[in-house]
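Each of the next two complexes has chain A plus one more chain, namely chain B in the first and chain C in the second.
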Partner chain A sequence: MTFEEILEKPPYSLCKEEKEKLLTSRLTELTKLHREKCPEYRRILDAIGFDATDVRTYTQLPFLPVSMFKEHDLRSVPKEEVVKTMTSSGTTGQAVSKIYLDKATSTNQQKAMVKIVSEFTGSGRMPMIVIDCPGVIKNRAMFSARGAGILGFSIFGAKKIYALNDEMQLDVEALKEFLEKYKGQRILLFGFTFMIWQHFYKELLRLREDGIRFDLSNGILIHGGGWKKLTSEAVGRDEFHKRLEDVCGLKQIHDYYGMVEQTGCIYMECECGHLHASVFSDVIIRRGLDFSVAGIGETGIVQVVSTIPESYPGHSLLTEDEGVILGEDDCPCGRKGKYFKINGRLKNAEIRGCSDTYASKF
Partner chain B sequence: MQASFKELQYIVGNEETIAKMQDIRPLRPFDDKVVDFLNSLSGILMKNRDYPDVATFGFWCRKAALLKEKQKYDDIRDRLGKGIVFHSTPSNVPVNFAFSFASGLLAGNANIVRLPGKPFEQVDIISNAVAGLLSDEYKEMEPYICFVKFPPSKEITDFFSALCSVRVIWGGDMTVAELRKSDIPARTTEITFADRHSAAVIDADAYLEAERKDLVVQNFYNDTYYSDQNACTAPRIIFWRGKKKEEAKADFWNRVHELVANKYTLAPVQAVGKLNALYNVAAQKEVRLAESEDMLITRICVDRLDKDLMDYKYNSGFYFEKDIEDLKEIANICDKRCQTITYYGVAEEEFRAFLEEVRPIGIDRIVPMGKSMDFTLIWDGYDLIRQMSRRVTII
Partner chain C sequence: MTNLEKYNNAFIETFEIKEDMLPDLKYQDIDAWDSVGHMGLIAALEDAFDIMMDTDDIIDFSSYQKGKEILAKDDYGVEF
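Moving on to the complex of A and B:
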């Protein structure tokens, strides 16, 4: 099965059995492809004695921990065919993931993303406000998850402005002008959860006290990057929605879950507050003890599979996130497929031993 | 010099202790006063039922045990301590600091001990016992003992480093490198505990004949899982020799699995780390994963011992495994970083012959299975008493 065939299917149209069949077929093919083309991947599969003929369903396929892309250059195409290398964020000083894209994989990422996001925004491009600074995509050193997210979503923007300047201050005049110009139209807003809260919401709140108010009731906000930094301020999803509506009338707000290692296959949050897997990808929750598949409602380690990656062996990955499947095919929003929740990073274990932790804190 | 810093916390002793230390007279190794003091400390700590590691330290510093150690030294008459020893102890092992401290004291020195940063009740128990003794019958020992806590701070490390005659650094390569940014006086010496790896050798036939296999397995557990297999003494590679290797392995690992499943908690993040470590080595080398129903034991069979194999080591129950016909075959992992060989069913003479013939640049300890963590005054290849004292010659 080719990716083009999968792309023809509406993103949330397949029920469990249909989707399982599709994923098993495509992901088994991708596993074979990468085993053939990527020597490191082949050695790994040989080491664990993986035999594709035993596979009945895609959950039996091997998965690589995402860190593998930090420590190795994993490619399934010749160097010359790489058109783009994506790097993941990581704490300063740490190694970053390197994801090698050829033309086909890069194009397919975009196509999948358009299909998925259009389900929420409608087709057609909209004026777009990026709630970040332009420096993020200019500066190659900073060009990471944030830059990739902005560039990825920019295809939905007809006309685009950055709401913040490079000092991370809200550009009030530019925003005013932009909203005036596109008055009455639907507007797409995109940014990272924490940035939105810190540099957009808080500033709007302050401006309101000065009598300046923006009306974004026509807006649709898509945000990602996780809630970690906001939990310290005790702001959860509901609070986030309520406060934004309060300050600027924004009602349509969608979180998403995604990662550089599987760009394109993002998991959008529906009107009911659930993250959804599209037909292009899936989420499997695994138990920490033996990596067996956890049931609905059972918290575990998040595995993500994607039907896109052909240029690097990233079609089946074990993340370092904890999550839980909330249900399958029966979300009240009407979308088929699994819907789930991400709890955040796996908790760090306090490992004993004499190699110390002082040094890293110096 | 003023020993007060905002971030510096005195747990035993105070600024004045530091001032007095600079004028103290060193003691002879195994001075009677010191042995009595440690024996009294032992008396208090051995009563502790909550923490086996505290009791183990208490047992170790009994008078009888120390006097037995003393007999191993034939030059004590000519020896004196060097002055002040500054111990930087590991942040994530609770009782290691106590052994380091006791060694410095036994060698005849005043001791400034940086305690683990993490809160451990064991540290409080030992510190309180020491403080109690110093305030009562061992007042004269006061200027010899100061326990401190401080967050990573070059300023404070500079200060103590400038005072000491011996600097003892536990905690591995990174910590050694960090502390070395602080200068020490010209005649000050260092004892550094770098990153090390260890191995185990098991004779399959001897194991199969063992009457108490459960004890062998318990000993293995204590050497490995007890420290999350993250102590430098914990074996990272297991060598099997003998005729019935497969039979022995099957029995051994089954029993280990049963014990681990009962006693050890593997957090999800550890399981992911192990999978990542496994794939790291598998991506680069030809290895084979032994089948297992879960992630508690990760066994990676290797046919070849590449010199860099130990760069791929990991913790939480992550083992390389290799069959050998002859002890000599382990030589390739015995580089400078190799510390401890634990064994079961191998005779002392065989190791002596091995050392004679192979003369490896690594290996500092060869100990029976289960004894890898037992502290001795010769540790990591250092004779701690002699390294922390000086020999006076009179001709």
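Moving on to the complex of A and C:
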């Protein structure tokens, strides 16, 4: 099964049985492809004695720990075909992952992401406010996770501004002018959770005391990157939503979960506050004790699978996050597939996440 | 300025390249036309022709020639 065939399916349209069949077929093929094309991956599979003929369902396929991409250069295409190298957001002193993309994988990431996000925003493009500084995408040879997130979402922006300058200060005048110009239109806002809180929300709060108020009631905010720092300030999801609505009227807010190792396959938060897996990828929760598959409602380690990666063997990865499946095919929002919650990083794991690595400086 | 001149200028100014490179130019052929440059090119074209492109067309815009086909569609109606 090619990725193009999967891409034709609406992102939240398949029930458990249909999705399992699709994932098992595509992920078995990807495992075979990478075993042929990536010598390091082949050695790992040989070492664990993996035999593809025993596989009945995709949860039986092997998974690599994400840390593998820090310690090794894993590629399934010749170096000359790599058009983009993505790096994870490790804090200073931490090793970073390197993810090698060729033309096809890079394009498919963007296509999948457009399909997923359009289910929440509609397919039209909107004026867009990036709540970050323009400096983030300056180094074009090496994309940080933060840059990749901004760039990936930029396709939805018809006209775009960065709300912060390179000193991470809110550009009040530019924001005022932009909102005046696109008054009455729907506006897309994108940024990382902690930066939104620290440099946008807190600044809007301060400005309100000076009598300056922005109206973003027409806005839709998409944010990601982790909650760690906000949790330590005792700000949870509900509080985050309430305070943003108070300060600027913003009502439509969606968190997302995703990682640079599987760019494109993001997990968007629905109107009910649940993260959803699309047909392009899935989440499996594993028990820490023996790595067996945990049931619904049972907390464990998050494994992610993606149908996209052809240029690097990252289609099945064990993350360093802890999470829990809340249900499958029966979310009140109507979307099919698993829906889940991320509790945060496993204990003793490195700090990651665009928002969290930035926040560790505060 | 003719539509072709406007189209060419968007490439020349965004990527800082010479006109003679255009006919065979494809996405990712030169450093400047990477994914960041791509969004810059799209913005330049949208300004030049006062249009808003669909996300699918932005992704399919894989070469100088392909871009002409896309802009010539009824959705945008740019005649070359």
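By definition in this document, the second predicted complex is superposed on the first by the 343 of 362 C-alpha atoms of A that agree within 3 Å, B and C clash if a C-alpha of one lies under 4 Å from a C-alpha of the other, contacts with A are read in each partner's own complex, and residues count from 1 in each chain.
What we mean here is this: a contact is a pair of C-beta atoms (placed from the backbone, for glycine too) under 8 Å apart; a residue touches a chain by one contact, two chains touch by 3 or more.
Values in this document were obtained by computation on a predicted structure and should not be read as measured data.
Novice: State whether A:Gly300 touches chain B only (first), chain C only (second), both chains, or neither.
Specialist: In the superposition, A:Gly300 contacts chain B only.
Novice: Just to be sure I read the superposition right, which of the two partners does A:Leu346 touch: chain B = first, chain C = second, or both, or neither?
Specialist: So A:Leu346 only meets chain B here.
Novice: Please indicate which partner A:Ser106 is in contact with in the superposed arrangement: first for chain B, second for chain C, both, or neither.
Specialist: second
Novice: Between chain B and chain C, whom does A:Glu71 touch in the aligned arrangement: first, second, both, or neither?
Specialist: In the superposition, A:Glu71 touches chain B alone.
Novice: Between chain B (first) and chain C (second), which, if any, makes contact with A:Gln60: first, second, both or neither?
Specialist: neither
Novice: Counting residues of chain A touched by each partner, does chain B or chain C come out ahead?
Specialist: B
Novice: Is A:Gln198 contacted by the first partner chain B, the second partner chain C, both or neither?
Specialist: neither
Novice: Just chain B (first), just chain C (second), both, or neither: which does A:Ile48 touch?
Specialist: first
Novice: Can you check the complex and tell me which residues of chain A touch chain B?
Specialist: Result: residues 40-41, 43-44, 46-49, 64-65, 67-68, 71-72, 74, 287-291, 300-301, 318, 320, 322, 346-362 of chain A touch chain B.
Novice: Under the touch definition given earlier, write down the residues of chain C that touch chain A in their complex.
Specialist: 27-28, 31, 34-37, 39, 43, 46, 52-56, 58-59
Novice: Could you list, by residue number, the parts of chain B that touch chain A in their complex?
Specialist: Of all residues in chain B, those touching chain A are 88, 90-93, 96, 117-118, 151-152, 154, 170-175, 177-178, 193, 195, 227-232, 234, 266-272, 275-276, 278-280, 282-289, 291, 293-296, 300, 315-316.
Novice: Hey, which residues of chain A end up touching chain C in the complex?
Specialist: Within the complex, chain A touches chain C at residues 83-84, 103, 106-107, 110-111, 114, 118, 123, 125, 137, 140, 151, 154-156, 158-160.
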